[in-house]
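Structure first, commentary second.
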């Protein structure tokens, strides 16, 4: 037991430790389920806002709102967003840039001639129904449906995947958005 | 409002959505604070077990226990662990391999001649006092003190940093361990 | 400069440091772009294998291969996979369980009556065309197209999002898979 | 092969896919080894700058520089930093706040009476020798030595663990810093 005794001797120099206050401080970089739900609801609210602003102020107002929404809700300032909107096709299926996203939401961009402005529809309600939520550090993935109703009461359900990134300051932005109409057999 | 109307027409094909059951399934890859505390307490228990096994069964028993502990508690099977034990110095300060860790805990390895076997001391109690816990996805970092008492009642406090990694199957292993005696002015 | 001098005095006890060998060991938990591409190609190969095994050995052989593929390529053993296959609809749109994924690939499961067995088609080629790859630690997200050809030479392109998780032992598994037919205006 | 044929029929509606440009865009959130080395060297340069500014401009200049360094190099604005400086002890061992870090580097704070100002020493050189670098997404952990020389040529080596966090905009900040004098047998 020589070695153990030696170890003890060395350590025993430190007696009666004076410790700092034992309050544990937690620095949590992870995104939480409530933060994910808030971000999803924020997307719905933003869509309805653009739609409402289009009705009250026309394309100019709608475009300004959409630009603000995109800057706040999507991470285009940090890198290419993986964005496949519901109604895009062909060479313009994927919208990895801010301009492509803006064109999708409010149209009126000659570079994206097929875009009619998804958010210009008179949407009235927007509801998220999640099937899976995956929490991976500051990144969350969700899959489920988004159900929209318009001014005539029509219901539309889309299959929706989102990826959300939380930044160190708590901001949450979309880095992934894959939306598709339900498969029709 | 032509574009909005067009968008509506396309989407309105899908009415009265039939959704899957709305129970959200969560796949949480993150490590939690309770999992961190369990891993820390597990380290303390393991240290006392090695010490106890040394008393009851000598170095053979202690070494077998230590080897098992290291395989379960440290991530050497996946990569170099950042391990700076309390009582190492010079060229053998850092123990980034399984052999180096084992030598530190139970000594008796001619490749590490200065090692006396930290876990062979007759430790009686081991307590963790956290100051900071940082949760980063599957990785957690903790900083604080570990306070040990030995058979003579001597108290030793060390400054301790740990990094814990949670694997997808829920196992938690140490990837970082920096321990140091308190600075003496 | 009293304080600085004092600091110097304390530190100057340590002279001529004897350091460990300066070879840096790197423990890289992150998934890389080549690992992502390998996983994608592996998915294509697996699909063609199931299809080929169905032609040569019928549903029994195809089902055995598909079960093996799912266990190797999807992370169902760790949590709910976010899986929206191309051809699913209604209450069975999302396949968050192993059974649901197996039914999608090879059909013949009375619990999933609409499933015809996506992998039973005589697929001949499978190619991945990526638009965006996002690397987030051990998690990667990809978005783009998968282009399939069948025995008659027909080409099918689907819009595809994948999420891949790398485990500490280097295994890469799918945790997210959203596939959809191109939007038809 | 009924089911396979059915699947084929559904998919064969999509022929001759028109794809977006096949240039892959990569959004890499991970921290890299070069970014880690840059951050480490930045810490050394900052230490020498504070020391130099103290010599040329006294405590006022040194304190201003140190405050700027701390805001740029440490993540106190986002949460508690796990900081155990080399020369702290007792209740003030851990410096999880900006004020505590500033006091350690430049002293002259009555709330931290034992602090003499580590950075006020006339440091001349600062070199990092890494033993282990661990890359975990946006988080990196390093362990090794930092070797300092002062105006009299004395060499000091400390055992050093750092944790660096990369933010989405590319900024790299310290979230973990455990420094200790070498163990003296």
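Letters are used for the chains, namely A, B, C and D, taken in the order the chains are written, and counting of residues starts over at 1 for each.
Note that in this section a residue touches a chain if its C-beta (ideal position, glycine included) is under 8 Å from a C-beta of that chain, and two chains touch if they have at least 3 such contacts.
Since the structure is predicted, the reported quantities are computational estimates derived from the model, not experimental observations.
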{"item": "Angle, in degrees to the nearest 5, of the Cα rotation that carries subunit A onto subunit B", "value": "180"}
{"item": "Chain at maximum distance from subunit A, centres defined as averaged CA atoms", "value": "B"}
{"item": "Centre-of-Cα separation between subunit D and subunit C, whole angstrom", "value": "32"}
{"item": "Subunit B-subunit C separation of Cα centroids, rounded to whole Å", "value": "28"}
{"item": "Junction residues of subunit C - those touching two or more other chains", "value": "10, 19-20, 25-29, 79-82, 86-87, 90, 93-94, 96, 131-132, 134, 136-138, 144-145, 165, 175, 181-182, 185"}
{"item": "Touch-based graph of the chains, sorted into line, ring, star, complete or other", "value": "complete"}
{"item": "For the subunit B and subunit D complex, residues of the former touching the latter", "value": "79-84, 86-90, 93-94, 96, 114, 131-132, 134, 136-139, 141-145, 159, 161, 163, 165, 175-176, 178, 180-185"}
{"item": "List of subunit A residues in touch with subunit B within their complex", "value": "1-8, 10-17, 19-20, 22, 24-30, 33, 51, 54, 86-87, 107-108, 115-118, 120-122, 129-138, 144-145, 147-148, 150, 152, 154-158, 181-182"}
{"item": "Complex interface listing, subunit B residues touching subunit C", "value": "10, 18-21, 25-29, 75, 77-82, 90-94, 96, 137-138, 165, 167-169, 175, 185"}
